[in-house]
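Each of the next two complexes has chain A plus one more chain, namely chain B in the first and chain C in the second.
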Partner chain A sequence: MGKKIKLEAIDLDAYYGDFHALKGINIAMEEKAVTAFIGPSGCGKSTFLRTFNRMNDYIEGFRVDGQILLDNKDIYQKNVRVDELRKEVGMVFQKPNPFPKSIYENVVYGLKIQGVKKKSVLDEAAETSLKRAALWDEVKDKLNKSALALSGGQQQRLCIARALAISPSVLLMDEPASALDPISTAKVEELIYELKNDYTIVIVTHNMQQAGRVSDYTAFFYMGELVEFNKTKTMFTSPKNERTQNYITGRFG
Partner chain B sequence: MTNSDINRLKDKAFHIFGIFCTFIGLVVLAIFLFDIIIEGLGRINWDFLTSLPSRRASRAGILTAWVGTLWILVLTTVIAFPLGVSAGVYLEEYAKKSRINNFLEINIANLAGVPSIIYGLLGLEIFVRQMRLGGSLLAGALTLSLLILPIIIVTTREAIKAVPRSIRDGSYALGASKWQTVWNQVLPASFGGILTGIILALSRAVGEAAPLIVIGALAYVPFTPSSPMDEFTVLPIQIFNWTSRPQEAFLTNAAAAIIILLIITFMLNGIAVYLRNRQQKKIKW
Partner chain C sequence: MSHIDLELDRLKVKLMEMWDLVEYQLQSGREAMISADTELARKVLKLGKKVNNFDVKIDRMCENLLALYTPVAVDLRLVLATLKINANLERIGDTAEGISMFVKNREKLFNPEMLELTKAIKMFDEALSMFHECRIAYKTNNTEHALALIKRDKMLNKIYRKSDKIIAEYLRKNPDSIEEGLALFSIIKKLERVGDQITNIAEEIIFYQDAKVIKHKSKKKDKNNGKDK
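Presenting the complex of A and B:
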């Protein structure tokens, strides 16, 4: 190891009202690596993912105890501005959610709300991000067409481009391929493999093979607890915990 | 007869009964329209639209009435649109679940059911007397704004609610504030629905006579209003006034004025339907 730690959770508990959703989580994730969160539905992996860009803040009754560190700074401190945090930590959702606007407007939205108005800057950001998301060649002639006219897989890559346009250092992906066909899935996975050269990626997935293919590290969650966290290869070949083994081999979940 | 025969018979009976029910409303409306058109269509000409009211039916026109209606329409829109949409946005996007907000919500729903004449009394006390606006266009528009605010708030909320959560999430995840998300994503996506609601609310306001009579709008106004502080009349009041006269000729005038009022309302409703269809075609989630 010896690499820099990018994201860290220390004794993290999270609650929805009375429901104890995450229990005493401790984890440290390496910079420019892909970490996969796996586990059965309702195990808290999506909730945990959303604590890294504080997307749970909008849910009434949600609260956290403990610390989430991004570059060693606690992002739940009072003086942290959520909009600044989200420039650093981008997110891609389960279902592609392009805005009902043009492809171009989708990509530059993040910059526009930061107040960037210069057309040359926006144009360049749009091109760079779309190229990084491996979508440029398919859409360069129809940037002003509605994003809703794209296929599901293209829409998801557009959402990735949109997240990249504000140059984050972390990319959170909440089951980014679960709504896509196998070919689009392969493209998104390929993309994740490319992107980890520059970004720290955390991906939630229900697909064991996918976790095995794209991730360097895997964390297994069960009933709000982090059961096991290790290098993906180690975890898939010789899991230490019996529950991990049962889940990975498909005996439950 | 077997059981299934009876069931089929019942089915058929209800089918016929349903058609009958549907037609009752339509037939009555058609007869009314037919009667009005026969009576009034011949009376509509350029002079009728451009003449001031008169004691002689043949010389009386509806200039002041339709100009007043137009004024009321514009003023009411200017007042009720920003208030209603803002309130709807607040309740749907900003308000947290609390007792006060619960109370507000229930009461807004109740307000939509309050008879319009009560709003007239409210307008009389607050706008005409306390604020000393008199029987002016402004007092009338404020009163009608109160009347249609609940409708606008409710339809705004419905339209905003129809915008999927995922669009808001996408915007927040890119660092947008709540206001930026509402302004850039939620409102544009729901604007068609909001507009439809506002137009339907206005078409209700255009047909109201009772609250305006209560605040003191006059039937006889010998001039067209030129500022919001002027006295005014509107088409429904003019119609009401003419129908209560004994002379046959005034009834013809009333029928002609009703046709004009109906044209205005149908036009508003037509625009609403057009906007709704366009919106449905444009955005599919």
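Presenting the complex of A and C:
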């Protein structure tokens, strides 16, 4: 029996006004696996990623047809509370975006918003999340220092810790290492590898080697279409579609 | 043309140069054997150094391609296949040198009757033809052609399997020809290995082009076919 499906898109179309950004996407992603979205700029991969926690809802003219299922429940149903959805589906962005607050306050921010006040609970959550984000050893003695004083790589791991603090089951990552140096990139990649034991991770990346290194499955998008979705090993050794091969070997266009 | 395309083209050109050289070695080894041409045999032996240099150079080019260009998909398969083809070409070159060494040391013509009985020349010609065709299959990316070559290896295996009895029988009648018989048996054995190496190369051409791994399947099949005979 295969692994449980955590996220699924069924006949998904997305539009920005008249622009048809995603065309008939069907995909099923395994629980506790890393799925990478690759494709040239403007292919729709980030739009698709943001449909999983409805981040596109704020964009004027944006609409979707079809279904996005999280644990078999359609997240675009009217009765779905978006704040509850985002507790379940955390997100990390391209540029580290810590709040201008202390390291500690950054991590527990989400919990405080949810109404958690007990210091022992917040302390424990901060420590656990920072440990999971492989940052604890570097910041444990300066939790009250400003998060903005951290390096770019540390800030990104802090953002991952902040996302983990609210105990999501899915982590969306939109080019999480593209603004980082190679050492910080390696740390984030190592972290992704560790985190997949407990989380379902979807990552958008322009770095082919990164997709190869961190993901179990890879989906290639082109002009709003899902061209190929397969095990990463297959995608990078013997892709079935010629467009995929041309893209990953750098011969696109 | 992208950088990686240029580098891959250079790699292919280098491999073809090595292929030509090894083909010349094998062809010359045949001629030296038939005519007991010790000069030509020496020339073949001398070329071994050049083939070894190609071997090292191609290995290094592959290593650089992997390190600097991190090829994937068809590009990765080309580099991996080239590494293996390179190793097989070098061994075929070694075989040509081994045969030439016999020619150089013997300094005499082989007995035509023994050559005829063992079909050694026919075997040599078939190996040379297969090697040449394999080069064409690689150059034209023709996997059908490569697959056909794998089937042709059976003929070499058949001649090899019969050769020990034929030579033993001949030597019983002509005990003075023991050294010659042993030398010829060694050559036949080497040519059988050339057939295997050409098969290996053909399998790599199919892997590179079609992403299909057929190596163990084909060997198993060959083994079974051999048993049937």
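What we mean here is this: the second predicted complex is superposed on the first by the 251 of 253 C-alpha atoms of A that agree within 3 Å, B and C clash if a C-alpha of one lies under 4 Å from a C-alpha of the other, contacts with A are read in each partner's own complex, and residues count from 1 in each chain.
In the analysis below, a residue touches a chain if its C-beta (ideal position, glycine included) is under 8 Å from a C-beta of that chain, and two chains touch if they have at least 3 such contacts.
Being a predicted model, the structure only gives us computed values, none of them experimental.
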Touched partner set for A:Lys131, first chain B, second chain C, both or neither: neither
First, second, both or neither for A:Thr237, with chain B first and chain C second: second
First (chain B), second (chain C), both or neither touched by A:Thr249: second
Contacts of A:His20 with chain B and chain C, given as first, second, both or neither: neither
Which of chain B and chain C A:Met208 touches, first, second, both or neither: second
Which superposed partner A:Tyr109 touches (first chain B, second chain C, both, neither): first
Greater chain A contact set [chain C / chain B]: B
Doubly contacted residues of chain A, that is, touched by chain B and again by chain C: none
Residue numbers on chain C that touch chain A, as the complex places them: 2, 4-5, 70-77, 211
Contact set on chain A toward chain C in their complex: 208-209, 212, 236-239, 245, 248-251
Residue ranges of chain B touching chain A (in the complex, touch as defined): 96-97, 164, 166-167, 169-177, 180, 184-185, 188-189, 282-284
Chain B-touching residues of chain A, taken from the complex the two chains share: 53, 55, 58, 60, 82-87, 90-91, 93, 95, 97-100, 109-110, 113-114, 148, 159, 162-163, 166
